[in-house]
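Before anything else, here is the set of structures, which you'll find just below.
Below, chain A partners chain B and then partners chain C, in two separate complexes.
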Partner chain A sequence: MAEVKELVKELVDKYGRERKNLLPVLQGIHLETNYLSKEAMLEVAKQMDLSAAEIYGTASFYSFLDTKADGKYKIRVCKSITCEMAGKSEIIRTLEDMLKVKVGETTEGKRFSLLETNCLGLCDQGPAMLINEEFYTQLTPAKVRKILGEYIRNKY
Partner chain B sequence: MAEQVKLNIDGVDVQVEKGQSILDAAKKVNIRIPTLCHHEDLCVAGNCRVCVVEQEGKNTLTPSCATPAEEGMVIKTSTPKVRRARKDLMALLVSEHNTQCTTCYRSTNCELQDLAAEYNVDNNIYLSVLKENLEIDKSSWSIEKDDSKCIRCQRCVRTCAELQHVNALAVTERGRDMRISTFMHLPMNEIVCTNCGQCITHCPTGALTERRYYDEIWEAIDDPEKHVVINTAPSVRVALGEMLGFPVGTRVTGKMVTALKKMGFDSVLDTDFSADLTIIEEANELLVRLKDALVHKKDVALPMITSCSPGWVKFIEHMYPEHLAHLSSCKSPQQMFGALTKTYYAEKKGIDPSKIVSVAGMPCAAKKYEANRPEMRDSGYHDVDAGLTTREIGHMIKQSGINFLELEDSEFDSIMGESTGAGVIFGATGGVMEAALRTAYFVITGRPVPFDNLNITPVRGLKGIKETSIKFENCLPEYSFLEGVEAKFAIAHGLINARQIMDQIVAGESPYHFIEIMACPGGCIGGGGQPIPTNDEIRKKRIQAIYDEDMNKPIRMSHENPEIIKIYEDFLEKPLGEKSHHLLHTKYRKRKRY
Partner chain C sequence: MSNIKLRKVDVIFSPYSVAPYEILKNAMKRSKDEVVQELIDSGLRGRGGAGFPTGLKWKFAKQQESDQKYVICNADEGEPGTFKDRKLLVEVPRKVISGMAICAWAVGASKGYIYLRREYRYLVSHIEEELELYHKFAKEAGLDFKIEIFMGAGAYICGEETALIESMEGRRGEPRNKPPFPIKNGYLGKPTVVNNVETFASATMVCRMGADEYKKLGTDDQRGSKLFSISGDSPKKGVHELELGMSLEDFANEFGDGDTKAVQVGGVAGFCIPKKQFKTTIIGEGNTTGGSTMIFNSTRSMYNVLHNYLDFFAEESCGQCTPCRVGTQQLLKGIEAVKSKKKPPEYLDQLVKLAETMRLTSKCGLGQSVTNSFSSIVKNFREEMIY
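What follows is the complex of A and B.
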């Protein structure tokens, strides 16, 4: 709790207490803690003097701001039509197979969450996916196995 | 004069102030454009698109609520293209809506239902995509939230933000998952909500309604063992008629009393009686605080603020928990009434208080919560068993088959049925202040308040924050400490205005001695339990009716109410006395702000 309080204070001091600075503050928390906990949102409400509902409304609008504690690594596969046509389904199947979870689920021990996302703007290089902040393009099942294998080995 | 623009709507030339919308211009020449997300009290949202019109020279349709009128515009409001678009929009809204209208509390008083019927959306062009398993949130004592009936117009969100500055409701998620919800989708009883019910009166459908208790009341009425007492608030009598065929602003006091008696209430009493009692207690409390401050130089909380409005009380408990000492310790008239019903009334009538069911007929949603506050059991019983809104009473009258239009008038029962004009005006913003000043001035000087006909007009009207001051001269010896003092007063209604008043107090810059605050815009006449719709035009008419009622009362100062004089002689002994303290005063609690 004390940590969250400190973190929010740091961010609010940095960006400012006006409502327009809510998004960078939330992003800052997300970067540090991987999701927006109830306590963190309440702390933001307190320090920025906004209603908690407003914070939650903003947080839940953006799919890149999570309000649930999901996996440490969030794999987001682009679900737009161009990636779909470039073979996104196969990518999803490979990921599901490796992680033993379905889209929308998180692996045991909260390591990986498998998600779909709207267009990543990488339509010329589909299928594309993001793992947290890193993006991976022109995916094939073999490439996915290699990338994910590294995550599992090195960053698990 | 502000800059004017001329435009033509459906062949009619119209001139409006620059900045007004096409919708405003159409209204001016009596052309009705349908709306859903639009509400006179709120900012423009433009999200429902039902108000689209055709604009010459444009291919796309124009939302009339969100488009400013411009010089030379030519607008058509009812072309085949417009009608097709509106019908399509209605059909889409209906496809997402729980259309079990026959079982809906808002049936026949629903804007979506009206428009769907008007545009004859009967062909099911779109399959129902109503989400399954949407649960109705019945956690709050006051407000029920049914997402299956929500059309996401966001009127409630804007109401809670713009009128009340509470922001309990927000738009969450997005796209097809978008909904109107609370922080983390918490149930309504766990969030920062004042229960004011303004979201209910601004909801176009049945998505937000008051939690209803009338079935339990019917049960009680039917039980021969039970003695069912109802007291009705001043604002009910000036608005109930709207639900039963009378024009807005009609006073139906006598008919209401007759109807309630016919329905089987054992006793129909007047909350105005306890409003008068509130005035006596509150005025005396104020004088004690002033004396403590001026004579004993004690550190007392001034300004003192009224505590009649339970929405306001919960607001200050959440938002300014460090400043609760400013609140008058007086219970609201409803709770004073409840505590006395099961003590004084029971004693005088020789009825076992455990057999009494005490019902409060209120213009209010927050009163339901207030009745269920755990501390409101000073009579030894549940002081108020149930709170009904004006709308629920209207429904009950309809259910009972009474022809309200043709009903004869009758008088409130006794005891606790006698009231004064001062009690009546509690319903309008500024009314409690005016009633308090009528009595306080008399107590201090022995003379009536120096306003024409006792009408303290500076405290009246719909301005968000009103101020007045009174200088006390030639005071009675007991109050010589007030000689020459110019006391300052303020009145705020709508919680956004209450916040301004409170921020001033927090900053230590409040110049006032006494402040009246009502949670709802317009005061109780615009309460969350009043007939729908409510807007400023309607508020003004209800307020006028309240002041007419006041002028028609033979007694217009609370301390002259014979039943009030008697209750102090027979039961309470003296204002702020031991019994008063026990039954009529309360304490407040700190709550979380976020």
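What follows is the complex of A and C.
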């Protein structure tokens, strides 16, 4: 709790207390804590002098401001049309098998959240996905196993 | 309707020809009215989808009396099948930033933002490097215009300019009623020019080439060159720069795989054109100009295609107005019901009427344009919806 309070204060000092800085503040929290907890949103409400409902209403509008999926690595697989045509379902199946979770769920230990998303702007190289900020294209089940294997081995 | 042969050109992605920000510097030697007039004369229209004449937008913004004006580059690029803005920001960010600065100088804005979709966060450091160079130049040139990146947070609707502004003000990205337009009442209530990434890059090229030279490209209705994001069943997927005014037939011959059955022009907000209409369709005329072109060959189920689009719309509708919030879900359930024989084929006609009603009663372009792809697919591929 104390930590969240500090973090919010730091961000509010950096960006400013006005409403127009709400998104940068929420994104700053998200980057540090992997999602927006209820405590964090309440703290923002207090420090930016807004109602908690306003904060939640705003945050829940945006798909990259997670209020539930709290995995450290968020895997977002594109489900828009050309990626679907290129074989997105197989990619999802492979990921579900490896992670033992369904789309929308987070693995035990909160390492990975598996999500679907709309067009990532990589349609000429589909199927495509993001893992946090990194993008991966022209996916095949074998390629996904390799990529994810590396995350599992090295990156946490 | 006039059309020209398909021709690849190299305007927008042409290499930087001069020292950094030389085009901006040269523009600043002229009168502001002259530069705005050059843009008007070039015939350049917005490349974000709506196709509003860019020079006119700048002229209106210039006429506004205000202590503060803003210039916003719309890099929200969320239309499925579009990726040209990403490529522009990777390869020729200087042209985009120059265009923003020329605009700001001409209309009298001192603050600018690049609204970058969250999915493109990996581009931030690259763009910031270029911004550093630009700010150095601006300081030397005595140009009082600073640019910052504003990160989106994942919402297709935030590409709509008033939703974008709402989002920058720290709220849900729900579109506002228009008028007032952003050039009158935009970010923080101040006059604001919102243009697409490609529009700014093209404006820079108009200044470099001159309106007369630029105008030689394209047809009377559509001037200049345009980036097309090509995906789907194509051996030449990617971004291609083409002169405007070609027929869809030429296009499909060049970029299709020989078995093309339909092309979605203008993203899911645009139209799905079946093969029999390729000859009479000019890309960009009456269909949106965003440049997303998705190619479908004969192995594709148009039911699956439409289902995917409707899923997208239902998910991305901001939910603010009933026709769009409920309509998108009803259309989705409706085609499922026809497919599973719970409803008779005639039900499709009712759905088309519903989509048309959404055009008339929805608040913003999202709800208004659902009927474009819905009706064009249901009418042209009716059997595929039923069987």
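Here is the rule we use: the second predicted complex is superposed on the first by the 154 of 156 C-alpha atoms of A that agree within 3 Å, B and C clash if a C-alpha of one lies under 4 Å from a C-alpha of the other, contacts with A are read in each partner's own complex, and residues count from 1 in each chain.
Quick note on the criterion: contacts are C-beta pairs under 8 Å (C-beta built on N, C-alpha and C of every residue); 3 or more make two chains touch, one makes a residue touch a chain.
The model shown is predicted, which means the values in this text are computed figures rather than measured ones.
J.: For A:Ser80, decide between first (touching chain B), second (touching chain C), both and neither.
T.: second
J.: Looking at chain A, does chain C or chain B touch more of its residues?
T.: C
J.: With the two complexes superposed on chain A, say which partner A:Lys38 touches: chain B (first), chain C (second), both, or neither.
T.: First partner only, chain B.
J.: Have a look at where A:Lys46 lands relative to chain B and chain C in the superposition and call it first, second, both or neither.
T.: Only chain B; A:Lys46 stays clear of chain C.
J.: With both complexes superposed on chain A, which partner does A:Gly57 reach: first (chain B), second (chain C), both or neither?
T.: both
J.: Considering only touches as defined above, state whether A:Thr67 meets chain B (first), chain C (second), both or neither.
T.: Touch partner of A:Thr67: chain B, not chain C.
J.: After the superposition on A, what does A:Asp13 contact: first (chain B), second (chain C), both or neither?
T.: neither
J.: In the superposed arrangement, which partner chain does A:Pro24 touch: chain B (first), chain C (second), both, or neither?
T.: second
J.: Where on chain A do the contacts from chain B and from chain C line up?
T.: 57, 61
J.: Can you list the chain B residues touching chain A in their complex?
T.: 166-174, 181-184, 191-192, 593-594
J.: Could you please specify the touching residues of chain A with respect to chain C in the complex?
T.: 18-24, 26-27, 57-58, 61-65, 79-82, 84-85, 117-126, 130, 133-135
J.: Which residues of chain C touch chain A in their complex?
T.: The contact residues of chain C facing chain A are 77-83, 85-86, 117-122, 150-156, 167-173, 188, 229-233, 237-239, 264, 268, 294, 300, 304-305, 308-309, 311-312, 315-316, 318.
J.: Which part of chain A faces chain B closely enough to touch in the complex?
T.: 38, 41-42, 45-46, 50-57, 60-61, 67
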